[in-house]
Each structure stands twice: as structure tokens, then as C-alpha cells.
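All remarks here apply to the structure that follows.
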Amino acid sequence: MTRTIAERLDDPEAAQAEGRRKMDWAEAHMPILAELRESFAAEQPLDGERIAMAMHVEAKTAVLVELLAIGGAEVAITGCNPLSTQDDVSAALHAVDGVTSYAAHGVDTEEYYDAIEAVVDVDPTITVDDGADMVTHIHDEHPELIPQLKGGCEETTTGVHRLRSMADDGALDYPMFAVNDTPMKTLFDNVHGTGESAMANIAMTTNLAVAGKTVVVAGYGYCGRGVAKKASGMNADVVVTEVDPRRALEAHMEGHEVLPMNEAAAEGDIFVTTTGNRDVITREDFEQMADGVVLANAGHFDVEINLAELDDLAETRREVRDGVEEYALPDGRRVNVLAEGRLVNLAGPLSMGHPVEVMDQSFGVQAVCVRELAANPDAYDAGVHEVPDRLDREVAEVKLDAEDIDIDTLSDEQREYMDSWDHGT
Amino acid sequence: MTRTIAERLDDPEAAQAEGRRKMDWAEAHMPILAELRESFAAEQPLDGERIAMAMHVEAKTAVLVELLAIGGAEVAITGCNPLSTQDDVSAALHAVDGVTSYAAHGVDTEEYYDAIEAVVDVDPTITVDDGADMVTHIHDEHPELIPQLKGGCEETTTGVHRLRSMADDGALDYPMFAVNDTPMKTLFDNVHGTGESAMANIAMTTNLAVAGKTVVVAGYGYCGRGVAKKASGMNADVVVTEVDPRRALEAHMEGHEVLPMNEAAAEGDIFVTTTGNRDVITREDFEQMADGVVLANAGHFDVEINLAELDDLAETRREVRDGVEEYALPDGRRVNVLAEGRLVNLAGPLSMGHPVEVMDQSFGVQAVCVRELAANPDAYDAGVHEVPDRLDREVAEVKLDAEDIDIDTLSDEQREYMDSWDHGT
Amino acid sequence: MTRTIAERLDDPEAAQAEGRRKMDWAEAHMPILAELRESFAAEQPLDGERIAMAMHVEAKTAVLVELLAIGGAEVAITGCNPLSTQDDVSAALHAVDGVTSYAAHGVDTEEYYDAIEAVVDVDPTITVDDGADMVTHIHDEHPELIPQLKGGCEETTTGVHRLRSMADDGALDYPMFAVNDTPMKTLFDNVHGTGESAMANIAMTTNLAVAGKTVVVAGYGYCGRGVAKKASGMNADVVVTEVDPRRALEAHMEGHEVLPMNEAAAEGDIFVTTTGNRDVITREDFEQMADGVVLANAGHFDVEINLAELDDLAETRREVRDGVEEYALPDGRRVNVLAEGRLVNLAGPLSMGHPVEVMDQSFGVQAVCVRELAANPDAYDAGVHEVPDRLDREVAEVKLDAEDIDIDTLSDEQREYMDSWDHGT
Amino acid sequence: MTRTIAERLDDPEAAQAEGRRKMDWAEAHMPILAELRESFAAEQPLDGERIAMAMHVEAKTAVLVELLAIGGAEVAITGCNPLSTQDDVSAALHAVDGVTSYAAHGVDTEEYYDAIEAVVDVDPTITVDDGADMVTHIHDEHPELIPQLKGGCEETTTGVHRLRSMADDGALDYPMFAVNDTPMKTLFDNVHGTGESAMANIAMTTNLAVAGKTVVVAGYGYCGRGVAKKASGMNADVVVTEVDPRRALEAHMEGHEVLPMNEAAAEGDIFVTTTGNRDVITREDFEQMADGVVLANAGHFDVEINLAELDDLAETRREVRDGVEEYALPDGRRVNVLAEGRLVNLAGPLSMGHPVEVMDQSFGVQAVCVRELAANPDAYDAGVHEVPDRLDREVAEVKLDAEDIDIDTLSDEQREYMDSWDHGT
């Protein structure tokens, strides 16, 4: 029988107090969720909904979960990564009315999937995912729930990619919002959130300088360009690897050197993978690397750096520093891997995930999407849906309002001009 | 009877030599068009086509036009802006086999439209536009040509916007490629091309420092963010105005201050409009501005800065420096307008348009789109079409090849991984 | 009787093992000290010297201390800040042959000065300071030692400033090297070291985004411009306060807004003080600040933010997050202070001081300066001395060599040209 | 008999009107000189002085010269570079009461030195130089004037370097202010002035993109880091060459690649020399370069790129574009040299020198230094003098005032704290 976090901990109340303190800090810096909390409390838009969630369970996520409960939903949640759960936050969440948390730090693979199974017991009408583990689990193991599911939300590039593959195979049987792809998420969370937190975690975990280093960024999607941008901003010389020629050219035009990984391997001091793909750094790359290089992953899964091959090559392996595993190669070179190749900004010893404010935006979109699924259950077919523009825009307007930023509005003449086509040179 | 450029000039041969020298320089830095020239010469993909063009007639455009002629087409061309034509280049182009040029610098509005009409005499099968003046002229004045038109290409944000408005009105009667919107154009030409050339032109025309200035950028689309990026890179403090909340937030998260124009007006030293809309800076804004401000437009049409209102406000107006018109207000403040509010990187006294290499990319897309329309005339319905991804990608690959940049390719395992959805945490 | 770190700890051997692991990591990334270790071991340049040190006792410092011991010196050390000592490193250091460490974390003021007194028992011939506490203590309490002191080294801006004031008062009685002021230190440690580590610590301690924030940097010396540079690199909008008009202009020309603190107070989200002066942020500034602001100090002493005045204003005060003290003002606004206003990159809960590589440079200079004092005891008068250029250059050359960076050398003709003055236009 | 500019021109009045228009624009953007004009007019501090000048004669210099005349001086001026003189400005200057101008564009070497000789006829009490040609000419040819010379000012790095070499040889016989070295000059003019204008001139003269290019900057002094900074800001990948190990490390820590020139030669697309030395790019470098590279010089003299060696290597040479000389090598590679290897921001076809505002700062220092020499003729010995800090500071304060920038002032307590040394941890 899978245990809730409260059943796992020796002193759940102490944990809960500490978790609540963390949530308070996050909440104070999440103005979008604060604004939504007022309307959700008043209007109970989620009354009667049951929500199954698999997310990184830390303070910011907890503020979202609490918001959903305040909006009237019953919520069950577990982690989406064995190392990213903070037990104290999980405990504080479990103490919230209407919320059950099974998320626990450091569970093994069996426990991980058991917890997902436990969440499904909530008999969900809506799912919320970060990496698509819940939605795939339901399709695989609980097809009987699909008729009652109004829809779901997916947070990450990787998860949306998996969902699109499912949809292409005709295997996605209820509607999913690609929260990841909406401007309010991808332009902020991926670029600034991943960029800042990956680089700050690398700097703090290693205590190494970024200035003067060659940082190899694998992948130049939104996450990759965020990492490249922040690394450049800290005065690194950035090298980019890509498989798409347009993205490669974009990186080149930013002033970055573009190389195949096997050549970049010989140049880099720090490597950050952001591709969402497997085997981005492999044996033949390790063989090129200089002594003392640092490898970190900022993609969703821990498959980007092929650690099995590195382990094969290495003579010894030891934790040389908290969160840093040193693989010593026979010729004396040392390769340092951060956070076991898992998401460096979530799974490292100092990690707290993305900055609070960018998660406020992403979770603001999550909240209004959940609200939309509850309100308009028949509006969406099975498949992957973009977040409706009006919802994304609503979140942006709430944020501008919270930041006290005024912008211009189109006059009637301007609107007419933009809609017309008969003006010329 | 509209005259060709050769008929207009006193010494067309001298002009032609100078124009050819300019074309040679551009050609030497346009590796994509160089590569296409070989295949176009060998395969004659445009054999039998007649192409009507309205473009900025300067050296880079001329290299494209010559390529189309080399590919077998008969081409007639005129300008798309009265001030951007370089007569010597127009003359050199007119001397190319298969090309007739009516483009001349400084023509008035009547002559401008007469020249468009003259181009139509080529009896086109394909059109190429920069601002949509040719395509709208044909719809308005020569509907009889529409059945024979295989399609057209449009280069600019503004032109594509006009075409979409036409299409929304059911008024676009042949297929048009939105060349502007394709990654190989918009991510390079708009960002780096407009950004670099606008700022360099402003700096050189005024001989003022950019460092330490407050630069107000109106609009944060691809052009606007290019201008903001390059201005920041020259150590300006950038303020952004926007009407879209997401773009406003993006600008804010880059570190730019975001204000309504009427507040930005009081802060700015240099103003650059990039919105594609009219009346972006108006009377109430001029009234807020400090003495000595500089106004420049980097949007397609000269409607962004309301010069009529500025003229109303001003006591006197004089050209205080080549390309700089000073409007003296009654209270002693002076407002300096560059290039009469026309595209500052095309219509100024030193202007040569976008950098050669970014136009090589944009024109590479133009060339393969024209080739596509000739090859597959029935594949596209009337309306606005995105450039097919394979064409955009082809141009990117040619460019990477020319720059000697190698990139990674997906292994079969990686491709399979990206297509699968059953891998989990 | 003051206790050594070994006498203070319950399990000094466990601490020592952990401290050694930290030292190993640092040592692997300190190529300059590694190179010097070879020559110091071989040549024993410090044979017979006794060195009294007051430094931040963490892993990088420990690598320097060990180097001095390897070079033949007897070393006694204590901390130069009650919160920056890491007990495990102190224990590992104490276990090194020839080293005694009195440094312990969290000592009170009395214990702090007792430990300095205990260090003096080593009967020093050379002192090494970080903040000038040792040198001032010796002048105040142990003038009898001055005749035997060959000299000392001072690491920080603040310490050098104190020494110059002493010298101006005729109160500095032995020679001191201003290690802080030498190019190899100030251009790297202050700019990149302070800049990167301050911003990374602020980001990680708060889990807040830097992008889109207004960061107010007080002081635009080398540390301040480092913080401003890295904050801009993370996409903050940077505001600078200064008292020197040239530095103010420099900040302005970088694109930063320059304001008096009392106006900046109303604009900022994050404040970082780097002035070396007291009362940089005071009551009237706190009164202007927005709810939720974050205050951090990157100057040597904890006097820059006037916490007494903030405490007076506040109704309550609580640790709202590890390393974050929240002062709640009567009107509901909250002011968050990091690391109790002490050096944020040293005294915070996640802090590990400057990046390893920049300390390698600074400590490389320290090491060669100590060697110089031992070798040429009569070459320097009492007073503050610049580091001899040849020593600074030696360290730079070792570093370039370690990084495998080749540079050009002047030809004879070039050297002659540079020395001549009779060539003209 | 050397002719004044008025005697040289066919229509000096037309030239004078155009020159005055240029001066008006500059004057409107030179607030420091504007402020000084008021006090100079009122107080006539230069009454009775005779000033001999050799400067780049263009609009900004002219505003300085006019200021000196307004202050009561008689001024004679000529150019300091045959290509940087603008004849219309020279004519306008000649028309100013008390000013005689011999500066003319395109003079040959003999005429150049004849004009310097003619200037000496003014029987100077003060000299003002840009490159030290006047001061060396007087020492060589007119030692009889030295007793009456109160002193001189030198504007450039190169000139100050020549003066220091003279002083080292005991060959400098009157006092000279090293205007170049003062913070208000070197931190602004060299960094931002040279950086912005060099890059803008290169971009506009070639019409090539900077983004995506590898820009090799030779020398990482103030000019070099300015060029590197602005090139990076335009998204170039910057490579630096140096002979000083500290500067090389600084460049490395900024994120630039550092290479010897002979290796950089193979990597670069654009090369900019800023060293002040000769033969920075030579035959063996040309042999490494890619087809189509662009070479520009931003150092004072045209000796940095060895054009004689390039000419030797080349088969043909032609002006391929205004201001661009193409050297065609036997193997087909083309090397493009801008502005004949002279200062690219002064001697190119579009060049107007440094931005107005940075020259306002530099010339503000010049003006107060000339005033100081007139007021305190006995205060300075023969030799090179730093600009007194109070003068530099005065100019900074005037500038801040003109820009409406307020800064903080030290309180008595703060001043006391900074002067004290007995506060501790």
C-alpha cells in the first residue's frame, strides 16, 4: 500500500511547518497566482473536479496545488522526478484541505510508479503533468478513466513532445493543453527560468568561475538559448551544438561557435545538455574531453549524458563534492558529472528549481487551463491543443498589472490600418 | 510613356559600371545566391517565366534579379520606395540580359505608380514584392492577369500583413509565399539586419554616441527586438513600447523598461519605430520630448512618426545635417527627424539597406520560392502560404555549407527516441 | 585559553576528512598554486618564516595556507569574519604539518579577537590579512613584534583603504603589500569573483529571478561594476549609485541609470552594496522601498546597510527562509535582508566565497608576495607598497601557461618603435 | 608660402556656410563646451595667449577651437592627419575671429609639414596636439620657442607614448598634459568613442553584417576593449591578440578567445588593429587569411597593417568599393583594406570621427587644461604631467549637471569612516 508523505515521515508536523514557510516565501513572489486565488476562492470554478498531478513537488508547485484546492478541486499529487521532491513541502501540501500528497524524495523506480498509481485513485476528471508520466500511465493502465477525463495540462517540452508522438500514433485519447508551448511559458520559463537556474546551480554546486570558461550548450531550443544567453552574460565563451540547420545558424548569428558535439567535446570546460534527446554526449565525446570538465543536464530526463558509457570508461567514481560525481579515466583525466545527469536545477544538492516568478507565469497558465477544462469540457477533442490565446493573454495582463507596467493600446485608426491592405507607399 | 532607367540617365554606361562594381562586392559576400547561380544556370528552372518585381533596387537585390535572369526568366523591376533606389545599380541591372529596370531615385508618387504599371507590361507569371505594392496594383488594376499568375513572393512583415488582410477579405486571388515569415528570413533579416543597419545608420547620420543614451524602441516584434538588442549592445538604456502584453513582458524580462509611448517620450534621447502601424509617435508625444531628440523609423512605411502633426507644432524646419531635419518648436526645443521618417537604413544619405549576408539569406529564400512556383504551379491555392519547410531548410543548409559549419545529425536511435512516447522517468 | 579548531570539535577527524575533500576539489582547479607548489617544495623559500594569518577560512584559502607550509613556513591562522569560517576546512588545515588553525564558525566578538591574539603567539615574521584586522591588532596590542616583521599582505579593498589611512596618520610601522590593488587581483577577483558569486548567491538564496528585476548597485568600483555587469548579463535593469562623478559617468555610459540612493530606493527590487563605506542604505531609503525588496551586501564589513535603523522601523523580524531575514514594516511592506547584511557570497547559507579560479589568481599573488618579503626583507620601507609589476606579471604568465593560451611577443623592431618618439604622421 | 584654407578653396564662403552648419550640429550636442563658453566669454582666461594646434579638423574640434578663441586666445591650426581634415569645417574655422586655419584635406607629406611650420608662425605660448606632431616639430625645428611655451596638451595614447619616450630621453623641454590618460578621456573617448565609431564605420563602409562574424581585435588597451565590447554587442565572436599577459587574461575572462595574431589570422573575418605599434599584421598573417577578409585600423598611425608586404604579395589591387581597397592574392584570395589602413573612423569615406558627446568630454578636458596652463604657467616643470584630478573632476561635474544626473555625496560620518582605520570586523 503506497504511503502518503505524512505516513512516511517521522515528524510530519515539523516538516509541514518548514514546508509552509517555504510556500509562504514563494507565494509572496507569485502575484499571478495571488490574483487568481481571489477569483478562485470567490467563484469556485473547480467545484467537483478531481485532479491527478505528477509534478516537481517543491514550494512553487505547492502554491499552484493549493490554488486548485481553493478553487474547489480535490487534488492528489506525486512527484515527476525522484530527486526533485522536497519532503517538507510535500508534507505541507498534504496538510492542505482537499489535497493528498504521495510525493517523497529519493524513491526508487517501483515506488515512483506506485505513487502514480496511488494518485490515480482520486478518480480524476483532469490531469496535470510535468513530463507526461501521469497521462501515459492512465493510457497504459487505466483506459477506463478516459471517458470521464475532461482533459489535462502538460508543462514541459519533453512531455508535449511525447504527447504529440502519441497523437501521431492515434494513441492520445483525451484533450491535453500544451502549456509548455504557449508564449507565457516558453518565452519565460524555458529561456529565463532554465537559463538562470541552470547556470546559478552549476556555479554554486562547483564553486567554479563561469567567466573565461568555454560552455558547450547542446541544443538551441528555448532552453538552450536561455542557457547560452545567461552563460554569455556571465562572460563565458559559448559553443553550441545542434541538429537543426536553422537553429545552428541562429546560434552562429548570435556570435556563438557552432560545432558537432565530438569537436565541441575537445573545447569545452562546462557542458550543458538541453535537447530532450538521448545520448547527446557519449563515449567518443568523453574521450575528447579535457581533465576536469563539468557536465550538467538541463533537459527533462537523465538520458542526455550517457553515464553508462562514461562509467564503462572510468576506472573509479566518487562523490568529490556534494552533487558532483567524479569519473576518473585511466589516463588520469577526470570528468565531473553534476546531479547524476538529472535536471541540474532541480536535482542538485542546492537546487530549488526555476525562479519563483517564472513559475508564477507558467503555473498561472496551468491554473487558467484547468479552469477552462472544467468550464468547457466539450470544447476540446482528444489530442494536443494549444493554449487558447485569450487565456495566455489573460495571464500576461494579470502579470503586467501586478508589475505596474502600463502599455499602449491600439486606437481605432490604428486597428483599422492594421486590418486594411489598400494603403501603399 | 514611362522611361527605363537607361532612358532617364545622361550617362547610363558610367552609371552601369559603378552599379556593377557595387553588385560585384555584394555578390562576393552572398554565398547562397552564388551556390544557386550554378544550379540555376545549369537547370534553367525559370525558363519561360516572366517576373514582375517591386523591390528596393540596390546592389543586393540586383544580385537576386540577375540570378532569376540566369535561371531563364524575363524580369521587369521597379522600386518599392522612391528613396531607396540607387540609379547606378538600376542601370547595371537594366544592362543584364533579360532584365528591364524602371526603378529611379526620387520619383514622385505618380511616377512611382507609373513605373509599377510599366513593369506589369512584362505580362507576368510570377510577382516578387517588398511591401505588396505590385500584388495590390495587379488586383486593383489588372485582374485579367490573375489567371496566368502562378504565384508571388512577399518579403516584408508589412506586406505579409497586407496580404493576410486581403485574404481575410476574400480579396487575394492568387497564391503568395510569405517569405517574410519563414525562419531563414525573420530570425536573421529582421533581427540582425534591421537591428544592425538601423543603429549604424542612426549613429553615422548623426555622429552621436549611442552609449549612455536612452533609446526608445516602439514595437517588440522581430525588428524591434533586433533594434533593442543592438542598441543595448552599444550600451544604450533601452525603453520599449508595445501594444501586446506578451511582447511587453518579454521586453521587461530582457531588462528593458516598458512604458506607454507618451511616458517614454519624456525619457528618450533616440526613438526608433518598428511597429508597421501608423501614428506611433504623435503630437502629444512630441510635446513631452526633450530638446535635441532624434527620431528614426525602421518600419516599412513612413507613417509611424506623424510628421504632419510635428510640422504643425514646429515654427521652423531645416535640414540641419544631411539626412537630419530639425523641427524647431516654439519653446526652443528641437526635434530631429532622420530620413524624413522613411526607413532609416534605406532612405538615409549614407544608407545601403541591410547587410549583404542577411539579404543573401532572405533572397535565397526568394529564389527557391520563385523556383517552386515555376515548378509546381498547381500545388498552391489562392491565398497566403508559408514557405515550405523543406525550402527554408535547403537555404539554411546551403548557408552552413558556405560557412563551413558542421552540425550533428540524429542517429536512428535518437530519431526513434524523439518519435516515441513510452519512455518515462 | 583559546582553543584550536581541533579542540573545539567533537569529531575532528571526520571534519578533517570532509575539509580535505573540499580542499582537493579547490586544488584541482587552482593551477597557479599547483605550479607554485612545485617550486616552493623544491626551493623552500619560506624556510624559517612564521606567518600570522586572518583570512576567510574555506577551501581555497586552505590551499594557499598549505602552499605556504609546503614552502617551509610555520603558519597560524584564524578567520577574518565570524560567519565565513568552515569548520571542516579549518580542521583539515589544522591537520597540515606546520599549520595551527584557531578559526571557528560563529564565534562571538570576544572569541574572534581572542583567536587573533592566539595567532600572534606564532611570533610572526610575516602577516597575511583579509580586512586588516591582524595588522591593526599587532599595531595596537603587540608593537614589540614590529621590528621582527618583514612585512605583510592585504587582500581586500577595505583593508588596503584602512592601511592607507594608517600610513597617512604615520601609524603603519612595517611594509605591507596592497595585494588587492594589483591588476591580477582587482581586475579578476573584484570584477568577476565578486560579481558572479554575489549574483549567484542572491539568486540561489532567494530562488527569485534576476531577469526583469531592477537591481540597484551601490558603488561603481571594481566590485560594483562586477555586480552590475553580471546582473545585466542575467537581464536585470541595473541602477547605480555613486559619490564619484567620473564613476557615475562611467556607469551612465554603460547604459545604467544613475540615481542618488534615496531615489533608487523607490525603483529597486534587489539592492547590492559594494562601497566599503557605512550607512549606504538608511532609514530614509527603507521608507521608499517597495514591498518584498531584497537587500544584500557585497562589501567587506556589515555596515553598509544600516540594520539598526531598519530594525527600529520594523514591527517584526523573522527568518523567512534560510539566510533571509524579513523585516515587516508597520504599513505591511516587507524588507528582506540576506546573510544579516554580511558579505552575501561568504556569509550566506549556501555561500562558498569567490569562484576557485579567481582565488587562484589572488592567492597566487599572495604567495609570491610572501616569498618576496622573505627573500628581500630590507627592500621595503614601512608603509603600503604596490605589488611589484614583475611579480604580478609572473602570476599572469603562470596562469596563461596553465590555460594553454599563447600570446604575441614584441619584435625588436616593435619594441624600438614603442620606445621611439621621432616617427610622425 | 603655405596657404590658409581660404586661399586654397574656390568658393570659401560656400564651404564656410556648410562648415558652420556642421559646427552648429556638434555644438548643440556638446553641453560641456557650451557651459565653458559662458565662463570663457565672461572671464577671458586666455587673453594674450597664442595657441598652435595640430588636430583632426572636423566639426567637433572646431567647436573647441572656437571656444579657445572666445576665451581670448589667438589660434593657428592645421590637421594631424592628411585625410581627416574637412575643408568646409576648416574654412568655417578660418572665418572665426582670432583663428587661422591651414588644414586642408588630402595634402601630401611636404604640404603637411609646411602647414605645421606655418602654424608655428603664430609664435605660440601653448600647443595642443593630437599625435604629438606639433610638439616634436617645435623641439626639432624651433627650440627657440621653448622658453616662451607655458605648456601643451596631448590628446592621444600614441602621442602621450611619444612624449613619455621623449621625456625618458631627457628630450622634452616644456610641460605637457597627458589629456589622453585622464579618466574623463580614456574611459569614454577610447572605449566608447573608438569602439562605436570604428564598428559603425566598418559596418557602413562595407555593408557587411557584424553578427556571426569573427572579429579579431589586436590590442586590448582602452581602444581595443572598446572595439571588442561593441563588436560583441553586435553579436560578433571576438578574438583578441595581445602582448601583455594581464590584458590577455582580462580578455580571456571577458569570454573572448585569445590567440597569437598568426593563429587569429586564420580565424578572423574582420580585423581591427588598436595597438599603437607597427607591423601588427604582416606577411605571414596575410598568408593565413580567408578569402574576403576585411582589415581596418583604429590606431593613430597607419603602420599597424603592413601594407607594403600585402602589396608585395598581391597580384592586383583595386578600389572595389568606396573606401575599400581589394588586394587580390595569386591564389585567388582577396584581402580588403579599409581607409588605406588609416584610422577607420576618421579617414574613411563616410567617417566623421568619434561621436560628438565623447569629444565634448575630451575637449572639455583640453579646454580646462589650456586654461590651467595660462593661469599657472610656473606650476609645471618640463615633462609629462597627469591632468590634475580637480580639473578632470570639474569636467565630470559639468557633464553630470548637463545630463541632469544627481549623485550621492558623502556625509561627514561616511567621510570620517573612510579616513579611519580603527574599525574592525
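Each chain carries a letter (A, B, C and D) given by its place in the written order, and its residues are counted from 1.
Keep this in mind: contacts are C-beta pairs under 8 Å (C-beta built on N, C-alpha and C of every residue); 3 or more make two chains touch, one makes a residue touch a chain.
What you are looking at is a predicted structure, and each value in this text was computed from that prediction instead of being measured.
Asker: Mind checking the rotation angle between the two copies, subunit B and subunit C? C-alpha superposition, nearest 5 degrees is fine.
Answerer: So the copies are related by a turn of 180 degrees.
Asker: Hey, which pair has more contacts between C-betas, B-D or A-D?
Answerer: B-D
Asker: How many angstrom lie between the CA centroids of subunit A and subunit D, rounded to a whole number?
Answerer: 53
Asker: Measuring from the mean C-alpha position of subunit B to the mean C-alpha position of subunit D, what distance in angstrom results?
Answerer: The answer is 36 Å.
Asker: Can you list the subunit D residues in contact with two or more other chains?
Answerer: Those would be 192, 209, 211-212, 232, 235, 252-253.
Asker: Can you list the residues on subunit A that touch subunit D in the complex?
Answerer: The touching residues are 209, 211-212, 232, 235-238, 252-257.
Asker: Okay, in this complex, where on subunit C does subunit D touch?
Answerer: Result: residues 80-82, 112, 131-133, 136, 161-163, 165-166, 168-169, 171, 183-184, 187-188, 191-192, 241-246, 248-250, 252-253, 258-261, 263, 276-279, 301, 303, 392-393, 396-397, 399-400, 403, 405-411, 413-414, 417-425 of subunit C touch subunit D.
Asker: Spell out the residues on subunit A that touch subunit C in their complex, using ranges where they run on.
Answerer: Touching subunit C from subunit A are residues 21-22, 24-26, 28-29, 59, 192-193, 196-197, 199-201, 203-204, 207-212, 229-230, 232-235, 292, 320-321, 324, 334, 350, 352-353, 355-358.
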